[in-house]
Every structure is written in structure tokens, then in C-alpha cells.
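Here it is, the structure in full.
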Amino acid sequence: MSSLDQIEVMVEGEENPEMVRSVLSEITALLECWLTEGKPGVIDLQGLPLTATDYQQLEEKLGRGEVSITIQVLGKSQILETAFPGVWYVIHRDEVSNILTKQIEVIDIPSIVLSQRVEMEQALERLKSDSNMTF
Amino acid sequence: MSREIGNNPLDNGTFADHLEQNGVSRRGFLKFCTSMAAALALPAGSAEVMAEALAAAKRPTVIWLSFQECTGCTESITRSHTPTIENLIFDYISLDYHHTLQVAAGLQAEEARDQAMKAAYGKYLLIVDGAIPIKDGGIYSTIAGRTNLSMLEEAAAGAAALISVGTCAAYGGLPMAHPNPTGAVPVTDIVKDKPVMNIPGCPPIGLVMTSAIAHFLTFGRLPEMDQLGRPKAFYGDSIHDRCYRRPFYDRGLFAKAFDDEGARKGWCLYELGCKGPTTHNACATMKWNDGTSFPIESGHPCLGCSEPNFWDAGGFYEALSVPQSRMGETILKAGAVGVGVGAVAAALNQRNKAATVAAQETMTVDALKKES
Amino acid sequence: MELNELLIWARGPAFNIALAIFVFGMLLRLFEILSLGRKEDLSAARGSGVAGGLRTILSRSLPRQTLFSREPLRIINGYLLHIGLFVVIFLYRPHIELFERLFGVSWMGLPTGVVDAVTAVTILSLFVALLIRIYNPVLRFISTPGDYLIWLVTLLPLVSGYMAYNHLLLGYTLMLTLHILSVELLLIVAPFTKLTHMFSFVLARWYQGYLAGRRGVES
């Protein structure tokens, strides 16, 4: 009897440089827009029909920058600067590490990193009540 | 921002309060909104807007009616192995009636529905899955002794908006397939005076539905829809146009059987009956089972399950270009008639020819001389 | 009627009707032509009529030096049009699927991109053919409304197919439906117009070649 893993399956990697080139040109336009008009830009990579090969090529082109941030909230989120300052990978995962969104953000700092005002106010109250405590 | 949707009278908390109670931070919430905004293909910066508006949203009343259906849609939307981010919204909405999910049964269940409807009359969101049989007064599907038809009419009257979940509610689906013994119709055949959004699919993708609800809560209206009442963000492209196997179609490389070389190499499934070119859905990019794959990625042609009449659109494994008719029979019959009529026409032609020949006078030299 | 219902109708009942009319009409026409017959040739044969007939069926597909030098554009365009139609109809994989269903035999197709380009050339050659017909005084004089009709019904499937594949103007589903319907129109019109030449050209060449061959002259 044959088992499933005996069936030979090979998926041809489809070379599609057009796809990567168009993503790169969109990034260029978004960065230009951010610098001149101050408008942030987002590219949803999951909304594009990119193959694994395409992702790899894109990652090779963009490279890695100086900043990498990990956020632990409802699963892990990674915010990675590329070799092009202002161009970030923002990857959100759920509790079991499935990718929720994989985006490229063009901005000085992705807003998910920033502390939220409401929570900072709550923090202030907590600190004030804590300051009465003695060490 | 005006919000048409009704508050649950039993709960005055906002969505933000609900999140806080469940230990979800604002940053976590923003993460949730990012995935919603991405799913809805909203422009950059929308996640922040959404987070702000949604945080202030009051808990909405939602009534879910199931008619001629298989519960596959409910399964698709609720069946996730881990607490997912879209569960946030499901946990939050006040699902006051859903006869598969609720604990109450019988009279108590029907009472809950009545109460919820009265309390949030004109403001609740009504979700329907399943088609509605209307033949013979709608007697082919009843709940608690009432026909689906009358239950829908009553519930729709007090709804702010409706969402038809699944192909059956949206377009009639399987119950409406030929010969449609129960006279099944989609929701839009009955409800004409309320905004209705269709989320077709057999079943539809769970995130599509939660995103649509999130949009409704955020902006107080349903997302932009196409001619078939589907949210454009998810149903704007055909499976074919978003398919990673599309380059093989363009190069003319097709799998011709499920176990041939082409199938193993992941070539285009057009010739195995893929309905991707005429099917609009988000499967190719959003994928199924926590982003594992979608049918074509698993080697199976698209059935076109999110399109109207997909059950009656011919064999699932027949190429889109192959006519759905008995061509051999047609050719034989038409050919026989053609030959028969041809024989009659030939006989007539021969007779005409003979008559013409007979009618010709034989020209003689004398006759010619007379004429000149 | 919803879009999908229209597509289902076009792929089902409508195709059946069109195919029936096409087969019926074509057989009727061919039967008529054959049954008219020829007068018995009582002269002594100077050569083989059969060989002449078969040879002519093929040789008439080749250009003639004398004609070619007189109207090269018309002849080259004619080749482009007919070879283009052959490629588009018989070497596009989705079309081959249809023939396989019909006759049980399959053959290799060309890459879709190639067929797409050939379609564009074929459409252009149809327009050139129309211009030649209009600007050539003799051709214009002998042209009937039927000639312009068959030009149109040949053009429609090409244009709708091209537009469907390239996502032009209308959605794919509607364009595909229009494409199928336009082919059905072509099938219905064909037997009752000069489009019968898709089959009858064999008979006409055979007669010419047979007569010439029997007389021992070149044809």
C-alpha cells in the first residue's frame, strides 16, 4: 500500500520578477510621498499574489536595518526596519504564531510601537498611588 | 459619527471597556484593527481611525436566523482551534439568538429572540444563513411551528441592516438548485427595504464576516458593495486573477488529470474544471484554515461556490469552455434532419432542373436565321 | 436574469440550438451541392481526374505568382487572416478542451500569450480585409450585404475573446458570455452565407481539379 508521502509532489518555483519590481516601485512612491507630504503608506503583502520565491526576492532586495522590535500582545508582533530607513516590515502573529498581517509600512515609526495616551494616563494614576508605598 | 446600530440595553459598556475587562491592551486592539483594515483593504492610517471609532462603539444586538442550510457557515465562522483575533468581535457582539450556538431551546429561545427584537427595535443587526422556501406558503422549513418566511419578515422589519451569510442566504444556493422543490429564494427576494450585504461562499471565510461587522460598527454603515451585494474589498477580484498558478495558464501549462506530471508540478487547473475565472472571492489571498492554503493550492479546482447558481453551472470537473449540452446527440439528430431535408431539397432541385431543361426550346439554324 | 444564469444558458441550451442549426444547415447545403451532380463527361480522358482533383485541393492553398504580383497585400492579408483564425480556434487550450469533448481527440496548444498576440493580428487583418473590400472598386461592386454580415460575425468572437482575456471594458464573466454567444451567432449564420466555404472549398477545388485533370491540363 502506498502512503501519502510516497506521492512525489514538487511545486515549481515561479520566477516572477515583475511582481517584486512593482512592489519596490510602490515603496519608492510611498517613501517619496512621506517625505514630501508627510502621509504614511502601507502595502499589505498578503493581499498580493506573491509566491514564496517572490517574498524571498523582496526580502533580499530590502535587506535589514538597525531596528528590530518585538511586541508581545495577543501573540507576537515583529517590527523590523529594512536597509531603507522609513521602510518597515510590520508582521503580526496570533498566539500560535500564525501570521495575521504582513505589511510594509512607510513612516518614521509604525504607530503600533507608540504608547497609547489612554494607557499612559492610567499608568500615571498607578504611579501616583504607588508613590505612597514605602520601599 | 452616527451609529445606526442598537445598543444592548443590558450592557452600557463600550467595546474598549469590554477589551479592558478581557485584558486586551490598546496596542492589542490596534493590532486587531490593523488586521481588520488590511482585510477590508482600507487605506493607510485607517487602522488608527478604526481603533478610535470602534473603541467608543456600544455593544450591538445581533440576531442570527438559520433557515435552509447545513450549519457549515456557522462552523466556518466559529470553528477556530485557538482564540483568534476575530473572536474578539464575536465575543463582544451580543448574539441574542442563534439556535445552534445558544444554550436556551424551545420556548425560552423564541422568547429571547422576541425580547432582543423589542429592546433594540429598528437598531439591531440581522444575520441570516440559509435560503427561505416560499412554495406552498413556506411550509417546507419551520422553526417552533413558524415558517422561515414569516420569521424573516418579522425580524427584518425591525433590523437596521441585514447580512446574508453563505451562498444559500445570498443567492439561494443548494436549496434553490434545479428543480428547487421547496421554492427556495435568497434573502434579497423577500427583504427589499433594508440594506442587505451578501457574504457568499459555501462556506464563506470567517474573517470576511467579522471584518464586515467591524466596518459596520466603525463607520455605522455596510462596506462598499458590488452589483451582487458583496463587499468589494473581498469579492472585487476573481480567483483566477489572484491565483498564484495564473502564470501557468498564461504559458499554456495545464494539469490534465489529478495525478499527472502537470498536477504534481502545480500547473493550472483550468482543464480540470476550475471556475476561478468567473468566481469572485478572497480565497487566493486570505486563504483557509488559519492561512494554510486554499482549494487550488491543495490541487483542487475552484468550484465557484461564491457565485449565484453554482450548483447548476455544469460539472465541477468540466472546463469552463466546454458547453454544457449533449453535443453528440445534437449533432446526430441535427445531421439526420439536415440530410433528410437536403434529400428533399435535392429532389426539388433536380425537378426544377429537369423542368428548365424541358422548357428550353431547341434552337435550330432556321430559327436563328428568322431572328436575324 | 443574473449574469451567471446567462452564462449557464449560453453554455447550455443556446449552444445546443446553435450547434443543431450549424450541423443541419451545413449538411443541407453540402447535400444540395452534391446532389446537383454533373453531366456525364463522354470525352476520352487524357489524364487522371482524381489525381487532378486531389492535387488542386492542396495546390490552391499556395499563392500564384501572377496573382500575387498583382495584389500582394490582399493575398498576404488573406493568409494572415486564415492562419490566424486557425491558430486562434484550434490551438488555444480552452478551445481544444471543447473539441476533445466533441471528437474525443486532443492535441497540443500554444501558450496563451502567443494566441493572444495572434488574435490581435487576426483582428487587424480583418479590418485590412474590410478596407480592401471597400477601396477596391470591383470588390465593392460585387459585395453583398451578406459579405459585410459575415465580416461582422467573424469579428465579434475574436474581439470578445480578446477583450475577455485582457479584462477590457466589461467584467470577465459577462465578456466570456458575450464571446460564447457571438460564436453561437457565427454557427447559426455560417451555413446560410458564404461562410459555407469553410467546407465547400474542398468541393469547389475538387471539381475544378477533376475537370482539368481529366482534360490533362494544369489547374
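Lettered A, B and C in written order, each chain numbered from 1.
Please note the rule applied: contacts are C-beta pairs under 8 Å (C-beta built on N, C-alpha and C of every residue); 3 or more make two chains touch, one makes a residue touch a chain.
Note that the structure is a prediction, hence the values are computed from the model and not measured.
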> Draw the chains as dots and join the ones that touch; what shape do you get: line, ring, star, complete or other?
Replying inline: line
> Could you name the chain whose CA centroid falls nearest to the centroid of all protein CA atoms?
Replying inline: B
>> Nearest whole angstrom, what separates the Cα centre of subunit B from the Cα centre of subunit C?
In response: 40
> In whole angstrom, what separates the CA-based centres of subunit A and subunit B?
Replying inline: 32
> How big is the gap, in whole Å, between where the Cα atoms of subunit A centre and where those of subunit C centre?
Replying inline: 56
>> Can you tell me which positions in subunit C touch subunit B when the two form their complex?
In response: 2-5, 7-8, 11-13, 15-16, 19-32, 34-36, 93-95, 97-98, 101-102, 109-115, 167, 172-173, 176
> Which of the residues in subunit B end up touching subunit C in this complex?
Replying inline: 238, 240-241, 249-252, 254, 270-271, 277-278, 307-310, 312-314, 318-328, 330-331, 333-335, 337-339, 341-343, 345-346, 349-350, 353
> What residues on subunit B touch subunit A, complex-wise?
Replying inline: 24-28, 30-32, 34-35, 38, 41, 43-45, 47-48, 81-85, 242-244, 246-248, 264-266, 284-286, 290-291
> In their complex, what parts of subunit A are in touch with subunit B?
Replying inline: 8-12, 14, 16, 39-42, 44, 46-49, 51, 71, 73-75, 77, 90, 92, 94-96, 98-101, 103, 105, 111-112, 116, 118-119
